[in-house]
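By written order: A, B, C and D. Residues from 1 in each chain.
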Amino acid sequence: MNTLATRTASPLAWYARQNPKRELWLAWGTLVVFYIFFGVVFFVLTRTQPPPSPAWDSRKVVQWFQDNHSGILIGFAIMFVITGMTTMSNALIAYSMRRMSVSPAFGYTYLILYSLSAIPGMLLMCIALTVGALRPDRDPELITWTYDFAFLSFIGTMGVFLIGSLVWMLAILIDKNRVFPKWFGYLNLCNALTEIVVSPAWIFRRGVLAWNGQIAWWLNMVVFAIYTGVFIFLLRQLIQREDFGTGPLPNLAPKAAR
Amino acid sequence: MTDHSVAQVTKPGKFVPGQPDMWAFVLFETLVFTGYFGFYLFYRTQSPELFLRAQAQLDLRIGVFNTLVLLLSSWSVARCVQSARAGAYRQAHTDAVLTTLFGLVFMVSKVFEWFRQIRIGNGFASNDFFTYYYFLTGIHFIHLLIGFIALGVIFYQLRRPAPRSRGSQELVETCATYWHTVDFLWVLIFALLYVVR
Amino acid sequence: MSDIGESDAPPPRAGLRRTDGESLLFWTLPAAAIIWVSAFLLFPGFTPPLSPTLSADQVAAFYRDPHNLPRIRYSMILFNWFGVCLVPILVLLVMQIRRMAHRTPIFSYCMLGCVAGGPTLFLIANICWLLAAFRPERNPELTQLYNDFAWITFTSQVPFLIAQCVILAAAIYFDNPTGLVLKRWVAHFNVLVAAALVPAAFTGLALSGPLAWNGTLSFWLKNIAIAVWIVVMGVVLGQAIYRERDQRALPEEQQVAG
Amino acid sequence: MKVDFNKRLLVVWLVLASVTLAYLWIDHSNGGAPSASAVVTSSVIVIALIKVRIIFREFMEVRQAPILLCRLTDAWVVLMGVSLLSSYFVGMALA
């Protein structure tokens, strides 16, 4: 009781000094920084995105590992350091669902699904390619094995993202607090559908549906990039509009007048 | 965005059917499908013989039948919207039942066609044409299944007690808009898979 | 979990949280620690750590050695049973974060997101070691591949460990300084531990030297840091749990008296 | 009142259905062994897009919608047409 009293008496001044949204801004900033790192590591440093071809023979695969040797090892090491940042973005998105008029079950479902997602969605690939690049003198057959393992686990892991998007969509569509616009709910559905379109990557080694195919990768990447850009922007707006109440979120001040 | 449409409805004549948000989905998803179609047409021209030979194994009559059925379902859901708007909820309910039935007929005949093709020996990975065939019809099929959920929402809204809100009618229109999207995407898929040479 | 996480609760969430059994969960830690240490010492690959420069045949010989084989199997089975024992402890930390003076549940969500990640990644390494030992007569190249997977995963997979230190530190920094749930030095200590874990992520870059998976930085610094973290955080957590219990007992006595 | 709107929708459906049946005719007139034909392909695509536009305007009630939605859907029909035809003809040129 003693400490309780001290904790409630003096801190009024302390609270007044703090930006009440600083935790949210920290999470949002971490989210942005993570996606920047993600883009740099996967697209520039390791050259794993856009992905190399699944149709290559083991000689070409070994050549690819040689060409990108240090890029892979350094790039993924960076990912191993920063992957924990995803928890911030998942927490922020789960928080957005707690702000809605829906059951907390939605937020927790999303949180658990996306906590799971980092391992099959990214880390398995990083581990497998690191192992593949570790010993260039390994049997080419085995290097090809790590190559398949890496890209298929990365691109072919869909369930967590599919169900995660659908959970978020459902929460947005039935929410009465206007946390997100409804069209973003439908955009979640578009993203979920692209997760389905990826699945033939497990079957085809060439063509548009292979893991580097124009439909299974390029088109889906465009959709995913739009989706990610949109939700980063909307989360920012959410934080700006946040009033820490339980009712509908107020509009942004200048746009409120209609 | 949602109250935006309500504001516009008050002006007689001009209104966005359903949530404008659904229209954003329709336009975006149409773009994605345009991408699928573009790749299909491009790769078709790269090996025209193969595509023509494989395409000859499709039965155009089934395709036409499917199209007519889905157009019928679109017609009945459009009637449903207009009836609901006019307050004729019993009529609207009948139309929604009709839509569901037509949707089911389409679904069954689609599955029947898939089974027929598989029996002939044309699987997903058999050749490029059938890859596109199963991919496009399959992804459309998933849209159709989601469409049944949309129809469920329509039924739910039509069953609500008498003084129905504007929001209720808006949801009916939103779901109908989705259903029409399933329809017009099929119109394109049908033309591209069955008739294009 | 339902009501204490409400974002709308007044800032210092001193609470009506049920704490029964938290001390029981807490006392699983020393038991688990003893099992971990014994399993660690039992595994012949840790004392001393297996060198990454061994050839495939040497690695295969390590697993085929009749002295090593049972020790590998039994130690890894022990880890397979008890490797996840850190989960309740981390969840207790989540509970402490919930007590802090935050406006949002972001930090506790982040911590929850980390909880399963670390043990799951460790289990992947664990499975690879057990697989390598399952058929030691396998082609040495394959045994080496399993061995590489196990060691790379074990050594480089620090993302959630780093994240949980950084999140805990941030949560303490964002707490009300006049009534800290956990002391300020705990935050500094966690930042230090996080920094000590970073070099291990880069283990893929070198097969020998301090970065190699048997090197000073990647093996000794990392594992000592983890061990120190567990001991120190164990003490800190125990104190926090018992302090909270005492505070709680006080008002109840007053109520009875009144 | 009921008759009024239903008749229009029915006419629209009849138009769409007969255009669909026209495909059968196109298919037959092509006759014999199927062969690649740019004329058939482009006319099929154009007909399909006309059908899509009819669905937009009549079934989806864009006819009564604000001008912005009319323009948008029309733009989309044109966009689809341009993308489909250009991927077809670019493919032909490259083949």
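Following the convention adopted for this analysis, a residue touches a chain if its C-beta (ideal position, glycine included) is under 8 Å from a C-beta of that chain, and two chains touch if they have at least 3 such contacts.
This structure is a prediction, so every number in the text was calculated from the model and none was measured.
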- Query: Which chains does subunit C share as contact partners with subunit D?
  - Reply: none
- Message: Need the central chain here, defined by C-alpha centroid distance to the all-chain C-alpha centroid.
- Response: A
- Item | A-C compared against A-B, more contacting pairs | A-C
- Which chain is most remote from subunit B in terms of Cα centres? C
- If you average the Cα atoms of subunit B and of subunit C to get two centres, how far apart are those centres in Å? 51
- Query: In whole angstrom, how far does the Cα centroid of subunit A sit from the Cα centroid of subunit C?
  - Reply: 24
- Message: What's the distance between the Cα centroids of subunit A and subunit D, rounded to whole Å?
- Response: 39
- Query: How far is the middle of subunit A from the middle of subunit B, if each middle is the mean of its Cα atoms, in Å?
  - Reply: 30
- Note on the structure: Per the touch rule above, subunit D residues touching subunit B in the complex are 1-2, 5-6, 9-10, 12-13, 16-17, 20-21, 23-24, 26-27, 30, 34-37, 40-41, 44-45, 47-49, 51-52, 55-56, 58-62, 64-67, 69, 72-73, 76, 79-80, 83-84, 87-88, 90-92, 94-95
- Query: For subunit A, which residues count as touching subunit C in their complex?
  - Reply: 1-4, 6-8, 10-11, 14-15, 20-24, 26-27, 70, 73-74, 76-88, 90-92, 94-95, 98-99, 104, 108, 111-112, 114-116, 118-119, 123-124, 127-128, 130-131, 133-135, 138-139, 142, 145-146, 244-246
- Item | Interfacial residue positions of subunit A with respect to subunit B in the complex | 181-183, 185-187, 189-190, 193-194, 196-197, 200, 203-204, 207-209, 214-215, 219, 223, 258
- Query: Contact residues on subunit B for subunit D in the complex?
  - Reply: 8, 13-17, 23, 27, 30-31, 34, 37-39, 41-46, 48, 52, 55-56, 60-61, 64, 67-68, 71-72, 74-75, 77-79, 81-83, 86, 88, 91, 173, 176-177, 180, 183-184, 187-188, 190-192, 194-197
- Query: Can you name the residues of subunit C that touch subunit A in the complex?
  - Reply: 1-2, 5-8, 11-12, 14, 52, 101-107, 109-117, 120-121, 124, 141-142, 144-145, 148-149, 152-153, 156-160, 162-164, 166-167, 170, 174, 176-179, 198, 201-205, 207, 247, 250-251, 254
